[in-house]
Amino acid sequence: MIPLQHFLLIGAILFSLGLFAIITRKNAIQILMGIELMLNASILNMVAFGKYDKIDNTGQIFGLFIIILAAAAVAVALVIIMNLYKRAQTIDPNQTKSLRG
Amino acid sequence: MIEQIIFYILTAIAIGSAAYVVLSQHLVRSVFMFFVTLFAVAGLYVFALADFVALTQIVIYVGGVLVLLLFAFLLSSKDALDAVAEIPSGLLSANRLPAVLIATVFFGLLAYIFCNIDFQNLNWITSAQASGNVKSVSDDTIKNIGVNLMSRYLLPLEMISILLMMALIGAAQIARKEPKTL
Amino acid sequence: MGLLSVLIFLPLAFGAVILMLPKSLNKWYKYISLAVCVAQLAIASYMYCHFKTGDAFAGVNQLSQYQWLENLKWIRLDVGQFGTLQIDYLLGVDGFSIGLIWLSALVMLVATLSSWEIKTNLKGYFALFLLLNASVVGVFCSLDLFLFYIFYELMLLPLYFLIGMWGGVRREYASIKFFLYTLFGSVFMLLVIAGLYLSVIDPNTGNHTFNMVYAMNPANYAEGSIFNSLSNIQIFGFPARTVGFLVVFVAFAIKVPVFPFHTWLPDAHVEAPTPISLILAGILLKVGGYGIIRIACGIFPEAAISLSFWMGLLGIISIIYGAMCALAQRDLKRLVAYSSVSHMGFVLLGIASLTSEGLNGAMMQMISHGFLSVMLFFIVGVIYTRVHDRDIYNFRGLANHMPVFTGFVMIAFFASLGLPGFSAFIAEAFTLIGAFSSETLNGFIPRWMAMVGALGILLGAGYLLWTLQRMFFGKLRLKKEEWKLALTDVNAREVIVMVPLAAMALVLGVMPSIAFDVMSSSVNQFLLMFK
Amino acid sequence: MPNFPNISQTTTDIINSLPYLCGEWAIAVGFLVVILADLFVKNSKAIIASLATLTLIISGGFLVYDLISFQNTELLFNGMFVFSKSAIQFKLLVVAVSLFSLLFFYQDGRLTKHPKGINDLISIFLAGILGMFLLISSANFLTLYLSIEMISLASYLMVSYNAYQKNQAEAGMKYVLFGAVASAIMLYGISLVYGFTGTINLYGDALINGLTQIGVAPSALAIVLVLAGISFKLSAVPFHFWTPDAYQVAPTSVVSFLSTAPKIAVFGFLYYLLPYFQIGDTLNQFILFIAAASMILGNIAAVFQDDAKRMMAYSAIGHTGFILMLFVLPQALILNATLFYLAVYSIANIGIFMALTYIENNYAIFNISGFKGLGKSIPAIGVCLVVFMVSLTGIPPTAGFVAKFLVFSSVISFNGANIYITTLLVIAVLTTVISLFYYLKIPLYFFLKKSEVQFYRSKSSKVLVVFTVVLTFLTLLFGIFPSLLNVFIH
Amino acid sequence: MESVFTNYELLCLAVTAITAPFLSFIFSLIFKKLAATFGIVSITVSLVFSAVLFFSVWQKQTFHFAFSWIKLGNVNINIGILLNNLSVLMLVLVSFIALLVHIYSVEYIRKEALKYRYFSYLSLFCFAMLCVVIADNLFLLYAFWELVGFASYLLIGFWFTKKKAVHANKKAFIMNRVGDVGFLIGLMILLSQFHTLDIETLFGAKGIINSSFVQNGLWVTPFATMPDYWLSIAGFCFLIGACGKSAQFPLHSWLPDAMQGPTAVSSLIHAATMVAAGVFLLLRVSPLFNDLVLTTMASIGLLTAFMAATIALTQNDIKKVLAFSTISQLGFMVLAVGVKDNAAAIFHLSTHAFFKCLLFLAAGMVIHQLHHVKEHTQSKFDEQDMRNMGGLSKLLPVTTVVFIIAALALSGLPFTSGYLSKDAILISVFEWAGERGGIYWLFPIVISITSWLTAFYIFRVIFKTFFGEFKLPSLINRKLEDLHLHDANLWMKIPAVVLAVFCFGFFFAVNPFNLESSWLHHAFNVKPHSESLLHLFVPIYINVLSLILIVSAYLIYVKNKVVFTNHKSWYYQFSYQQWYFNVLYDKKLVKLILWKAKISFWFDTQIIDGAVHLSAKATLVFSKIIDWIDRHIIDGFVNGLAGLVSRMNVWFRSMQSGKLQHYFVWMLLIFLSFMIYKVII
């Protein structure tokens, strides 16, 4: 039996790594990957807790919804990022700073 | 016992690959390493008795999302790929210092809280255990998910259908070429 | 629809008419405006003449004693938990307001007459002017705090544009400064008004009410409410009622203006076109004094008592400080503006004394200053419209060149430095007498304040005589030769403007009872709250 | 079926729930119909416009019907959806705002001249409204998450809808990534809440009991994490960063929609959340903090902005803070004030953006400093702008004043002497004064400054002027007779 | 004795007497050409009515009429008329002298373009002054007191294109204002103590001032109580008021400057009437003064009298000499009030009015004629400078005679009115000092010296102006005949002659040597002087010494100046040998006196006037500082707040750097800090 804490800690590590990624990566797509890491942490938590919810199965279903939604969100985000690439020839968030102040 | 060992191996793979994804200076490698992470995490789901979710993770995430990411990445980052060596490294460069700070503090915070909670004695878990509302390895999760989706979670399901429709339309609209007649 | 409503809505209606009229009727706007003002003055005069005096009509904290009372249910807004927001269209006048209403009618008329100098965008100008007119009158006759506040704020917007669009070089700075300053005070006041609303209960209906007359009666405060004097609620460690008083006081002190909240005044005056300067000095400053009396002191009497020393202190600082600043100016309009600070300091001193003499004197000073400052600003305007310069050093020896004008200048100057025979003398003397006897009568402010205040009279003589000497006496010498032609003596319109002002100052100086009779019973009634 | 003890009950619940959701169904059907019409009808612009309008009206009609016929509060769809009077009020407000926005879309030059057409925007827009409806009625974290994502995705798409310039695309990217991060954080919070309480239902004892049992620190962490996503939608500090960038370059009509409708929805949701999240004083403190920070930052950062829409973005942040101030109070106190304020704010905001669009369409001016002397050319628009600005500042006789007064008196009536609340009030007042400074900048440039250049005017329709004037009239009318607006709201 | 008139008629008379000049003031401004006529007619009316009033009230009754003017709280202020001995006397005095000055002015001001203004101002002044005299309460008195100052302001600045005149009138008004402030504060003290300002009620025979007392450091009145120092403060305040108006030290420096006005004005306002108003006020409120105030008053009077007299010794401007002389004589009066001899003060006030007015008129005639010469010859010289004069007695005989008569009166030589009044004061001072002894003996000594100096300086003027050699012709290179210098015409001569008549003592006393026989003095003298040697001794020694000084002045100024320079000349030897008591009088004493005079003048111009200017300067500098504070600190604070906002604006906007990841960092930092706050704390 794996203790709940361990799932949670793994999730926390993944989440923190995701945070690190979104701050440091120089590429919008990699930032998106960081976000996916964070989402994975959440799913992990959900399914871990879902073990104690057999009838409603909330944890697992929530996890499924998250995965599906992440796909949709990634699709939208990618479209927007590709649009940026088309207009600015870069997806480095540091290079695109015309809106400021 | 073997269960634990596999779990921790998977954990190590997941965290290690995720760290590589996050820290690597080599962009393409980091993307590919993300495959590994997702697989490993899917493995962890299985250990949480969520085999269907793990499956979905592999099918949708790895098969769909990540491929999409990779395509986009390759499409957009030709220049970036060429200039791999130029990406600055080191702890202090760019936003790394605040990033390290934020990530560690956040993790510390979470860890501190998780370690201070006795999950086994939470009311809802004890009552679930008492009423037998706990999954066992042999349970048929897929059926349960199916029924629940169509009954209890019907509204969210409908919602997400509209959401996906909208995302589809929007993404298609933005991605499609503008007509010549401007 | 009572007379007061007519007073308020007449200008509003005709303002709308002006907006409707086509641009080709440009010339007629000012005559419409003039007609409105004349009508207002006639109504105000009628009211003044038929104003019933005596203790049975004192007003202040007795709603039934107000005259020309109008009470309409206006807003009944369901706001959930704390009942219905009950706002009444409640108008009425008593001894404190009737004089000021008449004053505003006169000043508005004078300002209209001096608006002849405005040449651009007449439609906008007169529409805003009439809006301002309506709101000013509204401020003086509304007895509902919400209504009062609406009119109070409504004055700002037209003024902002009137200063900002027709003003001088730094008009943008001046107008925004004026606006921000006033808003600063009034938004805080809004909090207090909200607090008052939640505290005061209409004794007849049991609802919360904005009625400021009810707010003056401690019995009408709901138990445990924030401004109930028995509930001892503390805000930042001070009693809530003291904080309430302070907030309201500061809001109006900005308007008066009292040191150290006065710095908007010189800028606003200097940049404002002449008619707006007239209104600013003649009416708007009085709104501050009126508010301090009726709202700050009337609703929070015990806080006023405990802080009267500081009020008095601010008053004398304003007197001396304003005079000193005036002495240092070389811009004539700035000088006059600072002199307003000094003169309005007397108002505060008189209010702080909380004696019959002091309060009457303060009211008198407001009315008197209404006439005199308007005249002073008009005088500045006369010079400015001719040569577009106001620097005192650029003029000399105008007395021979513009004898009639100089005559008016002499009258205005000497009247405002407190020459007997003019209203300012009576006003200042009574203010000081009140301030002096305060220590004996009620012990609110010490005697030395009156003595220091008396020094202000001396300093007043200083800067006005200096100006007189510098600009009007001596041999004619102007900065530019061509000014000699430009500086013609006053024309008929200008005389028509100045004569009634000077006459009023004189009449009130010789027969102050005209004003005192009307207000004294109200003042006595008011003072009963401080016993 | 032993494994599914509740299945029959859940199914009947679903069937019983269906009629309550007519408003939502109408939008959903409208969404589909619009898509189909776009696919199969040529030159469908006018048809889709009328279809969308019809959808909104029908939905509004259903809502009104619900409002009149149902008084009770019910949980529907197995605790997924809450049906209540006040939720309908918020939804009606959303519908009203959306109607204005819809009309507005068809006047915005950037959208109407868009080569890819406006039809897709309408369908996204409808889906967004559906998301808002569901958000307002969310009764558990799953629907909360989904509806917030729905609104977010719709918003991302609308902002990036015709991003042809670099900075437009950039704004879209920032918005989407920022939003994704915020929702990831919220999701993590939801997962923790679920873990701590075993339930994802918002309303019920399980949540409160679970969070109370777990202790202050974990529950605070979970709640704050959840609130991150909500704050992002409200664009409250510190989740406001996307706002100025997105507002500045997005099509003005879209900005007008985004700055009003989602906010109403989120506040509607927050209004319901209030009593259920009161574990310790975390919620109050967090709201206190973000309210104060939003008011200060929003209003101060707006001061020297030159881009009109960017300024309005900061102003929106400030107003969010101001409304949030209400949410430190008990639920019972705030409904009317919130609705009133939101309605008034929306009217003024839409009005301003309409006026700005008119100027964009006709003069292609985006900067406030470019407005110099415009008052001479378009005095009507100028006067309207002044009224809106005054309303946003909260000066009589506009509706903004009454709204502001209601907020103040609600806060004071609760506990005017509390030191934190008093400090918050003082901040609110001071920032109101500051806000005057930038709000008056528009009239300042419009009327007070003289123009240096000749304006080139391209002729376009006057519909926007009419709308603007109508909204101005409403602002003044509700300022003088606020009871009228209350009638509408109720 | 019953009056001939009913009260109502008295009221009408009094009102007419005071309104006549007011009407004239108005009509003069409207009908410009008839201004002089209006002025003269109105003041004649006033005089006649005053005279009637005088005869019906003098020593017979006190008439008091009042109606309520302002009634507020505790304050009830009347408009009213109080006719008693003092007021009717002043009424007659003022209107009489004013009439003469009016007549005189007709000629004096004939060539001025704006003479209607002159007459209208003069009428205004008469109106105000008459009102001051008969006002029944202090508030009203104060009002007209200021109005008098205003009229004086107008008249001093009559030639408003003259820079000096404008400066002078400003100075006069402001220094008067200093006094007014004192007066006002005094009023406030009285009002809050007694709740009335009615002179009769306060200070009359049954005045409530008598029912107030000082006890345990408190000043108790039937109405209120104050610490006792307020009694002294009240006294000092009125004293300051009087000092301002009566040009007493330290507020005296405006009077010499006021000589910039027309000489006729100087004679009426700045010699005879207005400046006496200060003394009049002191007389009105005299029951209020306690010992401290009285002693101070006496000291101020003494100091002023002495200082002004010494200054007058060296002045070359004829009007300046007279101005200082006025200050000095007013000092005598204040001293008299200070030693509680009100009768002497009133008496001297009256006699002084005549002879000082005459002196000014005569000087005015000289100046006027010289002015004609100046215009006629189109040369430039100062027509007021005595160094340009000399030997005018032959050319202007009438002027000379009247001037000498007035001078004699001023010096207090027998047969003149001054003899009586000045001796009255001197005797009182001697008696007063005798009662107190010690240091107080300084008072009679100094006042005696002053008295002698008076004789010396006024005769210096006479000798320098009317005797010796006429220096002007050589100065401007014209022959004497070309100057056409002659006596003024009748318009000017008649008033002078009339006044000269009134300089004789017969008019005031049956026996011109006996003070006690003076009806005027008698009327006010509550307690008769004790019969003592003083009555005999004081006049004699004063007069003898005065005569000696006059002669010496003659020797010095008429015969030549060599007395100072050429020791061997026979004049010097003569004086040295003949007047053997050279201990008292030799060149050294003269030099000493002159030196002292110079010192005094220097002191006056540099220190006193300097102080006045300095305080004006200081006020100005202070005002500049305040202005600076206003602009930079008060307004600076406001702008600083705006600056703070803009600082924060810059900071907030720098947070919005445009880089997405900076947004993340900021967001997470703020968010995390809140969470840490929540979780840890």
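Letters A, B, C, D and E name the chains as they come in the text, with residue numbers starting at 1 for each one.
FYI, contacts are C-beta pairs under 8 Å (C-beta built on N, C-alpha and C of every residue); 3 or more make two chains touch, one makes a residue touch a chain.
Source: prediction; values computed, not measured.
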Partner chains shared by chain D and chain E (touch criterion as defined above): A, B, C
Identity of the most central chain, Cα criterion: C
Chain pair with more C-beta contacts, A-E versus B-D: B-D
Intercentroid distance (Cα basis), chain D paired with chain A, Å: 26
Approximate Å spacing (C-alpha centroids) for the pair chain C, chain E: 40
Chain A-chain C separation of Cα centroids, rounded to whole Å: 64
Whole-Å gap between the CA centroids of chain B and chain E: 102
Numbers and ranges of chain D residues touching at least 2 other chains: 3-4, 6, 142, 146, 149, 153, 156-157, 160, 163, 173-174, 177, 181, 195, 198-199, 217, 221, 244-245, 437
Where chain A touches two or more other chains at once, by residue number: 4, 8, 15, 18-19, 22-24, 31-32, 43, 48, 52-53, 55, 59, 61, 65, 69, 72-73, 76, 79-81, 83, 91, 93-94, 96-101
Contacts with 2+ other chains: residues of chain B: 94-95, 98-99, 102, 106, 109-110, 113, 117, 119, 124-125, 128, 144, 152-153, 156, 160, 163, 167, 170-171, 174
Pairwise chain contacts, counting only pairs that touch as defined: A-B, A-D, A-E, B-D, B-E, C-D, C-E, D-E
In the complex, chain B residues that touch chain D: 109-110, 113, 116-117, 119, 122-125, 128, 140, 143-144, 147, 151-156, 158-160, 162-163, 165-167, 169-174, 176, 178-179, 181-182
Touching residues on chain D, where the partner in the complex is chain C: 332-337, 379, 386, 390, 393-397, 401-402, 404-406, 408-410, 412-413, 416-417, 419, 422, 425-426, 429-430, 432-433, 436-437, 440, 443-444, 447-449, 481-483, 486, 490
Residues of chain A touching chain B in the complex: 2-10, 12-21, 23-27, 29-30, 32-34, 36-37, 40, 43-44, 47-48, 50-57, 59-61, 63-65, 67-76, 78-83, 85, 89-92, 94
Touching residues on chain B, where the partner in the complex is chain E: 94-95, 98-99, 102, 105-106, 109, 112-113
Residue ranges of chain B touching chain A (in the complex, touch as defined): 3-4, 7, 11, 14-15, 18-19, 21-22, 27, 30-31, 34, 37-38, 41, 44-45, 47-50, 52-53, 56-57, 60-61, 64-65, 68-69, 72-73, 75-77, 79-80, 87, 94-96, 98-100, 102-104, 106-107, 110-111, 114-115, 117, 119-120, 124-125, 128-129, 132-135, 139, 141, 144-145, 148-149, 152-153, 156, 160, 163-164, 167-168, 170-171, 174-175
